[in-house]
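Below is the structure I would like to discuss, written out as structure tokens.
A, B, C and D label the chains in the order they appear, each numbered from 1.
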Amino acid sequence: MNSKEMIARRIAQELRPGMLANLGIGIPTLVSEFVPENHGVFFQSENGVVGLGHRPPEGMEDFDLTDAGGTFVMAVPGAAAIDSALSFGLIRGGHLDVTVLGGMQVDERGYLANWMIPGKRVAGMGGAMDLVQGAKKVIVAMEHTAKGQPKIVRECDLPVTGVRRVSLVVTELAVIEPTDDGLLLRERGPGVSVSAILEATAARLIVPEMVPEMRF
Amino acid sequence: MKTAITVDEAAALIPDGASIMLGGFMGIGAPDRLIRKLAEIGRKNLTVISNDTAKPGYGPNPLLDVHAAKKLIASHIGKSPEAQRQMLAGEIEVELVPQGTLVERIRAGGVGLGGVLTPTGVGTEAQNGKQVVEIDGRPFLVEKPIRADFALISCWRCDYAGNLAYTMSAQNFNPVMALAADVVIVEPHEFVPIGVIPPDDVRTPGAIVDYIVGRAH
Amino acid sequence: MNSKEMIARRIAQELRPGMLANLGIGIPTLVSEFVPENHGVFFQSENGVVGLGHRPPEGMEDFDLTDAGGTFVMAVPGAAAIDSALSFGLIRGGHLDVTVLGGMQVDERGYLANWMIPGKRVAGMGGAMDLVQGAKKVIVAMEHTAKGQPKIVRECDLPVTGVRRVSLVVTELAVIEPTDDGLLLRERGPGVSVSAILEATAARLIVPEMVPEMRF
Amino acid sequence: MKTAITVDEAAALIPDGASIMLGGFMGIGAPDRLIRKLAEIGRKNLTVISNDTAKPGYGPNPLLDVHAAKKLIASHIGKSPEAQRQMLAGEIEVELVPQGTLVERIRAGGVGLGGVLTPTGVGTEAQNGKQVVEIDGRPFLVEKPIRADFALISCWRCDYAGNLAYTMSAQNFNPVMALAADVVIVEPHEFVPIGVIPPDDVRTPGAIVDYIVGRAH
């Protein structure tokens, strides 16, 4: 199991039947692969589908049906197709139970930065600012470090995506919950020591007596 | 009953310097024939409003490739290296707008609102230059309407009254943009007799559609 | 031909094929009776129908299809059914070519009052304020006087429906166009003298050399 | 898959003093069984949000007849003598809102906006107590969102996933209200298997519907 799969599998455990969930591009998209088709969670995508399914059989793609990343998908029975105004109405209006977003940085305030690197990569925020603002629960799915540099930092030096505290951060090393008091270390990766997590993290972490291992 | 025009006739309606809204999301549901025709005839100084720039070859990219746009309003340009290059090189002015804000601004332009108050982007760079108002103790950004000279949209089905139906994720910005431009030009995938689209399934009433691009022969 | 029919017939002449038109409750509703079904104008109603038709054959009413007054109607071929948000989006967004509204008073500014009599009849403005604000052209259809009192006045003493100048006022006595300079008398009713119009009007009217009779 | 509850169970969810949105336009598309049941069990001090009060016997009138409402937010009460009488007698607080403003305020409440700026009502009594802002030199009223504890709506078809489709003028406020309440209760006319309502024709996704009232037996 590689890092990305581990992160996706752990986040899949957070999804419950009947939930309306949005998965961002990248690792978040992987999450759906670890949720059975008959699970009962409804995946929503920014481009206006409620009830996104897995990839269609080769040759049976509907050219008018993709996920928000542009990858061909199926729709599950009971799916709905809506326009962008209603799609973001669901997101900003608090109808979305959970969103899973990729991240460049998360800081001690629980703020997420994931939309631009000034002077370099300018992707645009897409739907990320609405999702961070509007979803009932925001889960960040990202690798713990990038090129050896910690992505969990004291304060984001990249432009933030929102000034709302995210709900949970899941990396291959740790599950971290931003709280009133700071970043709480909830779980460690399989076989990962607390000191290894602290070493890979630039932010201060609140470390409880017991930090259980992630279970899959 | 409406009649159709050719893609050449439609493109000829749009002058240099026009502002154009383009439907589509990652190229899905984009008016591809109109976009390619505008690029081919060498239109210049366009202001392009589109959710995203899609990947190379799709969505607005054919226009970007020939430097037809002087300004771009979009929420995401991450899949188009050319859009990113032109932005960083200062060859095109780019206004990045959060996606939910973009669609509400276009909708506001289309339904006669002076703007909307959104919590999205408060405290971020998206707040720059925006008025902030407090409503019941919470801060919101005042987001102004966006309109364009032309809306170029695509749809699934079009009947002879110009009623439009969309399908799956190809709907996206198309019905909202159809409200927000002085001239609405639609590029349908199919034509069907009146009645095939039941009144309940019409998403864009024909009364607001100005020009319909006929099938390619 | 009674007063109401005369007003409705005259206004019907203002409708052109392809127009999107809204008819208010009362005399305005009558207008559609003088427009052939195949005329090509599309009637929109606030409750979300574009393409309202005449009354259905007895016994063939669709209980889910009425005009804005609650009267059963048919839909024409090519009709569309939309929600109230889009219905008023069309109205306020400038997509409506013309609205025909009933009136209690119109004044020299061209302002219309048609939604309440303080302390007495409190109907509510319904869609009237949006229609007055948003339609490209606003035509007022009303009898020239009420219980002998002029309804075209110097300044409305009833609460106005909007502070936008309406486009045309049609009564059984006259067609009047509010202009920058005031109320311009455009046409007189069949056999009606200019002095009879002036006598029934409390507002100042601009009277040209020639005031032709309405034609039907 | 969703399950249905009875109209008695649905009414029991709604306490005295609750704010309730009622779909319907002149009674067409109103959740009649729920309305009559709430009147029958004697709910009090409700805040009722409805486009209009329809004519006697229709729409919200059964609730008005038994004095179940302490406050009414509507655009038109002209067809209900009882609503007019209670308003003039001071027995009920009535907030009259232009219809297009009412639907936008409910929509704003449903889609997470802090409000909208509308030109409707500027310079009229509808402006009283409202903040006015200038956008590009034109005045607009700041209209705040409306939400309710419960949205009671009706629809034409409902599938087992709770997806809703509406028909003709019975659509009206129903899909917008379905977005703007903490608890959404729908009273469908028909139940159909999943797939009978194609994804493109769903106007209210089942994911936002909380309770479905089953057929009368």
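Definition applied: a residue touches a chain if its C-beta (ideal position, glycine included) is under 8 Å from a C-beta of that chain, and two chains touch if they have at least 3 such contacts.
All values reported here derive from a predicted model rather than from experimental measurement.
What's the overlap between the neighbours of subunit C and those of subunit D?
Where subunit C and subunit D share a partner, that partner set is B.
Let me check something: if the centre of a chain is the mean of its CA atoms, which chain is farthest from subunit D?
Relative to subunit D, the chain whose C-alpha centre sits farthest away is A.
With chain centres taken as the means of their Cα atoms, state the distance from subunit A to subunit C in Å.
55
From the mean C-alpha coordinate of subunit B to that of subunit D, what's the distance rounded to whole Å?
32
Distance from the CA centroid of subunit A to that of subunit D, rounded to the nearest Å?
35
Spell out, as numbers or ranges, the residues of subunit D touching 2 or more other chains.
104, 107, 111-113, 118-119, 156, 166-168, 171, 199-200
Could you check subunit A for residues that touch two or more other chains and list them?
Residues 49, 75, 81-82, 85, 88, 91-92, 133-134.
Can you name every pair of chains that touch?
A-B, A-D, B-C, B-D, C-D
So in the complex, the part of subunit C that touches subunit B is made up of which residues?
Within the complex, subunit C touches subunit B at residues 18, 20, 42, 44, 49-51, 75, 77-82, 85-86, 88-95, 133-134.
Taking the complex as given, what residues does subunit B use to touch subunit A?
Going by the criterion above, the answer is residues 25-29, 51-52, 54-55, 74-79, 84, 87-88, 94, 96, 98-101, 103-104, 107, 118-126, 156, 166-176, 203.
Can you check the complex and tell me which residues of subunit A touch subunit B?
Residues 45-49, 62-70, 75, 81-85, 87-88, 91-92, 119, 121-130, 133-134, 159-163.
If we count contacts the way the header does, which residues on subunit B are in touch with subunit D in the complex?
For subunit B paired with subunit D, touching residues are 104, 108, 111-119, 133, 135-136, 138, 140, 142, 144, 156, 165-168, 171, 199-201.
Under the definition above, what is the set of subunit B residues touching subunit C in their complex?
Of all residues in subunit B, those touching subunit C are 107, 110-113, 159-161, 163, 179, 194-195, 199-200, 202, 205-208.
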